[in-house]
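Going in written order, the chains are labelled A, B, C and D, and every chain counts its residues from 1.
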Amino acid sequence: MADNNDFEARIRDSFAKQSIMATIGAEISAVRLGEVEIVLPFSDKILQQHGFIHAGAVATIADSACGYAGLTMMPRDAAVLTTEFKINLLSPAKGDRLRAVGRVIRNGKSLVVTLGEVFAETGGASKQVALITASMMVVATGTGLRD
Amino acid sequence: MADNNDFEARIRDSFAKQSIMATIGAEISAVRLGEVEIVLPFSDKILQQHGFIHAGAVATIADSACGYAGLTMMPRDAAVLTTEFKINLLSPAKGDRLRAVGRVIRNGKSLVVTLGEVFAETGGASKQVALITASMMVVATGTGLRD
Amino acid sequence: MADNNDFEARIRDSFAKQSIMATIGAEISAVRLGEVEIVLPFSDKILQQHGFIHAGAVATIADSACGYAGLTMMPRDAAVLTTEFKINLLSPAKGDRLRAVGRVIRNGKSLVVTLGEVFAETGGASKQVALITASMMVVATGTGLRD
Amino acid sequence: MADNNDFEARIRDSFAKQSIMATIGAEISAVRLGEVEIVLPFSDKILQQHGFIHAGAVATIADSACGYAGLTMMPRDAAVLTTEFKINLLSPAKGDRLRAVGRVIRNGKSLVVTLGEVFAETGGASKQVALITASMMVVATGTGLRD
């Protein structure tokens, strides 16, 4: 991992390029080796028809938390692309904000498997609202992709 | 289905309440019994770090296309909630716009199973970029939820 | 849970009716409230073409471990049916035996969401080879189904 | 594809090595470029507690049908490994026999994405009982794996 000492800066720089995060109001809140957290405050711009946060917004932060958890462990000359994810929605996504935590379960050479949890936080209370598993492809940057 | 003759208006009214759709720029483009289409023009507000449309935005329109496909076949006194979906991302999501088509595979009493495809359209060309399967719960509106 | 004090006997009785378990050689090894373990010794009857245990056999014990974890928490007059599962295969399934651990993540009235892990055990070593998430439907036994 | 003209023999030879198929009674019934079918007659050796065919047996034939559909399109010096699949169980698996049809949706260099359907056939009638999506890794045979 000698070539990846600056992983936190790497992930934060890449996250800043994800324009959808500014659009929905999400921010990266923690970067650890193999684990990344993203928070999404409740806002009336990201809802579904019943006034809950749309499953797609939940999936957006869960997918990025998992992808960046994977990227923390990838070689410096690799980029990350999601190949698939599955999300179970456990309870309606409502509250003050969502917090997605993604972490690496299997750090393979060509595929990284991740698990993520999304919590709805209201005041001091926290409730899990989603569970995601995602596969991330390690893409050689010779392809032109970066981080 | 006698109580569901107005399903197109029902779906369009509900879609109009999904604020996330206006936020990302998505519009509903077709409503048929058991099948719904949503289009999402490319814009620089919904991207990931490589300049492709974020997997979360792809999932957002795919999930809603599937959910509304399910709702076209649900009784008038039921609402729809996604319980889970899985999406395979087949190619980078880029082009003029995305088109998501969701349709009902199994119309159960309490769960509706759907399949969706997302295409990237550029000029006259179309390429499939994602495949989704999703489970939709039929929620009695006695719960307070509607459509 | 007053009507479910005998959950261990209930799960073991139901497991004994799953003829596929005897066919592949699997046994139930632990039953706790919300968590069930199943072991599957390596045998040359359950392999795929490279000599690893077939993903379908891995899925069989993972699905049952998750389903029975769910059933430990269901009312006495309910049966359990899998509505969907997704499994990530992390490493080839080889070793002395597999051990699947399923547990309840969300105990809903009509759907129970579970998470399972499968480990390959060789001598004293253990390595995770699969990760599953599964949805279990709570079926009223008025349907004729039981446990 | 010049190096893959004998794909049918290749798939049938590999299938014959999957000992689990003989154990559960499954046979390969059709091999076409990008599409493979497997049939599984009902038997009392592969059931769950309600007398339906176990979801794990359904998944076993669905996974192999998808994997071999992928292998029909892989170079002669590649082997196939499932990295993940998700299955939706649409109706109880009962009848005279199951028929799983797997086909390639996206034939990538390192990952092949497949879609499969499983039907329960009884007399002349056929009913879809499961829907699967699966990712297959293209493994270089320099690894020692073959087909």
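Keep this in mind: a contact is a pair of C-beta atoms (placed from the backbone, for glycine too) under 8 Å apart; a residue touches a chain by one contact, two chains touch by 3 or more.
From a predicted model like this one, the values you see are computed outputs, not experimental measurements.
*Asks:* Compute the centre of every chain as the mean of its C-alpha atoms, then state which one is farthest from the centre of subunit B.
*Replies:* Chain C.
*Asks:* Provide the C-alpha centroid distance between subunit C and subunit D, rounded to the nearest whole angstrom.
*Replies:* One centre to the other, that is 22 Å.
*Asks:* Using mean C-alpha positions as chain centres, tell me how far subunit A is from subunit D in Å, no decimals.
*Replies:* Comparing mean C-alpha positions, subunit D is 32 Å from subunit A.
*Asks:* CA centre of subunit A versus CA centre of subunit C: separation in Å?
*Replies:* Measuring from centre to centre gives 29 Å for this pair.
*Asks:* Would you please write down the residue numbers of subunit A that are in contact with two or more other chains?
*Replies:* Each of 83-84, 86, 88, 113, 135 in subunit A touches at least two other chains.
*Asks:* Is the way these chains touch best called a line, a ring, a star, complete, or other?
*Replies:* complete
*Asks:* Residue numbers of subunit B touching subunit D in their complex, please.
*Replies:* Touching subunit D: residues 86, 88, 90-91, 105-106, 108, 113, 115, 128, 131, 133, 135 of subunit B.
*Asks:* Can you name the residues of subunit A that touch subunit D in the complex?
*Replies:* Where subunit A meets subunit D, its residues are 83-84, 86, 110-111, 113, 135, 137.
*Asks:* Provide the residue numbers of subunit D that touch subunit C in the complex, in ascending order.
*Replies:* Residues 14-15, 17-20, 22-24, 44-50, 54-57, 59-61, 63-64, 79, 81-89, 92, 145-147 of subunit D touch subunit C in their complex.
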